[in-house]
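Structure provided below as structure tokens; questions to follow.
Chain nomenclature is as follows: A, B, C, D and E, assigned in order of appearance, with residue numbering initiated at 1 for each chain independently.
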Amino acid sequence: MAGFLQAGGRAVVVAIDHPLYTWPVPGLERRSELIEQVVEAGADALIASYGTVRDCRAVFGRARAILKLDVTVVSVREYRPAEWAVAYAVEDAARLGADAVLTLVELGTEGELAALASAARVAAAADRVGLPYVCEILPVASPAFPDPFAPAVIAGATRAAAELGAHVVKTAIPSPPAGIREAVDCGVPVLLAGGEPAADRKAYLAGLAEALSAGAAGVAVGRNVWGGGDPAGTVRRLASLVHTGRLR
Amino acid sequence: MAGFLQAGGRAVVVAIDHPLYTWPVPGLERRSELIEQVVEAGADALIASYGTVRDCRAVFGRARAILKLDVTVVSVREYRPAEWAVAYAVEDAARLGADAVLTLVELGTEGELAALASAARVAAAADRVGLPYVCEILPVASPAFPDPFAPAVIAGATRAAAELGAHVVKTAIPSPPAGIREAVDCGVPVLLAGGEPAADRKAYLAGLAEALSAGAAGVAVGRNVWGGGDPAGTVRRLASLVHTGRLR
Amino acid sequence: MAGFLQAGGRAVVVAIDHPLYTWPVPGLERRSELIEQVVEAGADALIASYGTVRDCRAVFGRARAILKLDVTVVSVREYRPAEWAVAYAVEDAARLGADAVLTLVELGTEGELAALASAARVAAAADRVGLPYVCEILPVASPAFPDPFAPAVIAGATRAAAELGAHVVKTAIPSPPAGIREAVDCGVPVLLAGGEPAADRKAYLAGLAEALSAGAAGVAVGRNVWGGGDPAGTVRRLASLVHTGRLR
Amino acid sequence: MAGFLQAGGRAVVVAIDHPLYTWPVPGLERRSELIEQVVEAGADALIASYGTVRDCRAVFGRARAILKLDVTVVSVREYRPAEWAVAYAVEDAARLGADAVLTLVELGTEGELAALASAARVAAAADRVGLPYVCEILPVASPAFPDPFAPAVIAGATRAAAELGAHVVKTAIPSPPAGIREAVDCGVPVLLAGGEPAADRKAYLAGLAEALSAGAAGVAVGRNVWGGGDPAGTVRRLASLVHTGRLR
Amino acid sequence: MAGFLQAGGRAVVVAIDHPLYTWPVPGLERRSELIEQVVEAGADALIASYGTVRDCRAVFGRARAILKLDVTVVSVREYRPAEWAVAYAVEDAARLGADAVLTLVELGTEGELAALASAARVAAAADRVGLPYVCEILPVASPAFPDPFAPAVIAGATRAAAELGAHVVKTAIPSPPAGIREAVDCGVPVLLAGGEPAADRKAYLAGLAEALSAGAAGVAVGRNVWGGGDPAGTVRRLASLVHTGRLR
């Protein structure tokens, strides 16, 4: 069982790994300040890079560290789609005292098989050292997945991750959000990826609420926490939603 | 000797690894329920993914776990043919307490040589740790194998697997099914792959019966067990056929 | 020194590894029967696959086991030329109790450099564990080797294998057979590969006799032993030729 | 913390690794003489090749050795752009008694992802053996980086290196030099790469002074130290600038 | 320090590794005879293949063994240019009791970067086990090196090898031979490769004398020793030249 899940198997996770591969990242210029705010506001865990887990761990406080093990090319201003490569080992995570590991699998890309094989190896290695493995698995618009947000596609992705050995799955919110029900049937906790910054914050939170009601275990949000104003307030709203089911 | 073969060297194996790479899989939405049914009905062993062996082992009961070591791309609705990559090690199987390991070799594909070399390495590694290796070897319609179900083709595939060091071979039912005799001459137990869901259930079982009479050691069936109604009944019929030679 | 060479440094070797990569193989349908016959008739050693050495070793009797470490694609009826990949380790041979290891190097093919590098690694690894390494090295008709049976070509191949660290070399019979003298000058024992089934058995044996008189250490024959009738008689004739120099 | 940084976290580093991949290198014909001069003049550390660290260490005196772990093709007279490959291990650095390790990452090149993944592995390995890792990260003029010296581009590169786990970052001086402020916000010490030999020495030093005032931790200069006359005098000027903030 | 260098840091090395990759090699048909002659005549060391060092070491006498670690394709009569692959490990050399190791780096070829990276790894591994590493580095006529014998090109190659960690460098004689002075400045002993068989023996020896006067540490000659008549006489002449500076 993943230790960062709270009683009830639910979690609010904040992703702060973006500067590993893109810049600028408004809101994340100074890591420690943001980390302190979101932890204080109730984040259960943070997804962070090797450098951040090593150098900023002291300010994580009671929040758990989920170490991202893969890297990609650096984008400045315009995002460059590219493959990801697993570069850190589960042993590196254990040495840093991280609480879990994460890799990304994009379905429908040229590197899909390599990413799936890496995920399988990480899952087995994580069991070997006793760390939970979070598989972030995202269908990408492609000939294989013309509608990457269809509930059956999200469910197929989630189930594949569960079969590979993920202890927790992070995936996209399907359309409609209640379609996550098909994915959660596999019994592995599913975290909802935050995705693109939402123009309509209210509709965004309503979608999360719908997916959480349908069985999602929590959220793993980045830009929608620190990309706008008031990250602490956003985390508090997410925590209320995830842990009590109420929108504040 | 493969421990999942019963007295007389025969076995009914149910394959439930499909959600690793395809979705939806009607009948396998909830793993534990299906596993309980087929084990209760007499399945001797299950072919399953790493995640399923790790998370659902408690419900396997007396059935043995054959861990599938390779992965491929994820298909939703339409099957995408692609290469397979061995991603788990025999040591992972031993750590999970699996009873055997399996990899797939497709003959006539671009990845054939790599798959054969992987099979050879797995065979040797399996001997090193004392686990039986099941080689699933399937000729694929291709310039090299215009008729992949010809008895000589199935026999060539089976014999190659035996020479590579497989302890048990899983292969396709040749046409005609009695043609399996040429394959079983090599002395290694041969399990008949279930294949596509059969439209004519009666003809399908008659074909299995013919191949079993001709020397096959058993069946390894997936979709034809859980893809239609009454998986328990189907397993009982297969068990009767395999272990007593009678169609019930 | 290779332990399978008899007093006088000579040996009759029978190759039975063909079903690893081709089918049907008339005469090798049942391995144990053929092995018993040729051992009884005087074979000093057998070249065999991992599966055969592991599963049939009991019937090898006093004959030594030379484990073939490489694999290639499976051909049914029509031979498909393809690369070979070393898949088993010298440690696997030692664990099985094999007496020697063998890999194939084809000169003039696309995979030549990789095969030579593998041969070098196997030679060093074989020394590390104390097993002799037999390098089967065959020039292939190609722009680099328009006449692959010319004595200088066979000598160049043999000498390269000796420099790589082979303890014994298996190569093709040059044309004329007495041309093997240039190859044996390097001081490493040279075994004559059997090659294609001979239409004229008498001429075939005369060619072997000529090459043995010119210094070859023995023969390593497959199809010309078990591919026609009377394998035991053929082995007896080869043993007489190799060990006494007389054609019976 | 990188041991070669002086009190105040500042350092003057001289790079003398150029003959590893280019020739002639006026000023570096005799390594020991140059090393003695720049160390005497106040260099805190030297970036050097494996051969130089091993063979000339005695003359490093109190200066620290930063071992460059990667290699590229050899250019004579005309520089040939090419990929770099990490060839030495952090363990080699530890065995030689080096004080830190360095690899180069070029952003916008074909080898970018491989270089980033290598950097990640080196960062983790350096932590394992307790050596600081200096990541030299340079955006290269390319479709992805039409203006490789823009402050946001330099900041993105620096931050990526920090997230990867670099203990110190070496990067290009942005244009304008005070733009380095955006890069140093990440909290990891930033060394300014010396770059092309400066035609206008005075303007060059003024630019360094501007970037140091904006927060850079020091300089890592090669050709601008030993490529003109008076390397000792240049190092003294740089030391004054870096450690006291005054241009002498 | 390389143990095969005599007092004064000088050495006459005879290369006998050619049959590893080419045939026929007039003069090297029987290895032991040639080895005995050249050792008796004063060769300080021999560059030889794995097979020759292992099988003929007894006749090396007081001469040191430099093990060549890389292999390439086999040429018969017409030389086929191709890449080289490092196939033996420094540990193999130590196990055989070799006194040094050697690999070849060709500059300007497609495999250059891989060869340089291999050289770097071998240099570090050689230090680990305490064996000297001889880097044979040869610029090849190519767009990058239109004049591969120019003194600056030979010096660039030599210096790169020194920076990589070579203990001794073997390179081509520049044109003019006294141009070797630029190469020897780096302080690592430089051996002159023998090159193509010389038509004018007297001019050839005068060139060697000129390069030795300019600072070369010795010669590493193959075909010009055993490719003509009187190898013992040639070695005696080279020994006189290298160790006393006199042409006899």
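Heads up, the rule we're going with is that a residue touches a chain if its C-beta (ideal position, glycine included) is under 8 Å from a C-beta of that chain, and two chains touch if they have at least 3 such contacts.
All of these numbers come straight from a predicted model, not from anything done at the bench.
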item: Each chain counted as touching chain A and chain E at once; value: D
item: Chain B and chain E, separation of their C-alpha mean positions in angstrom; value: 57
item: Chain centre separation in whole Å, for chain E relative to chain C (CA means); value: 35
item: Multi-partner residues of chain C (at least 2 other chains); value: none
item: Overall pattern in which the protein chains touch one another (line/ring/star/complete/other); value: ring
item: Chain order around the ring, beginning at chain A and proceeding next to chain D; value: A, D, E, C, B
item: Chain C - residues contacting chain E, complex; value: 107, 112-114, 116-117, 120-121, 123-124, 127-128, 139, 144-145, 150, 152-153, 155-157, 159-160, 162-166, 185-188
item: Parts of chain D lying in touch with chain E, wherever the complex brings them together; value: 17, 19-24, 29-32, 49-52, 54-55, 71-77, 80, 82-83, 85, 87-89, 92, 95
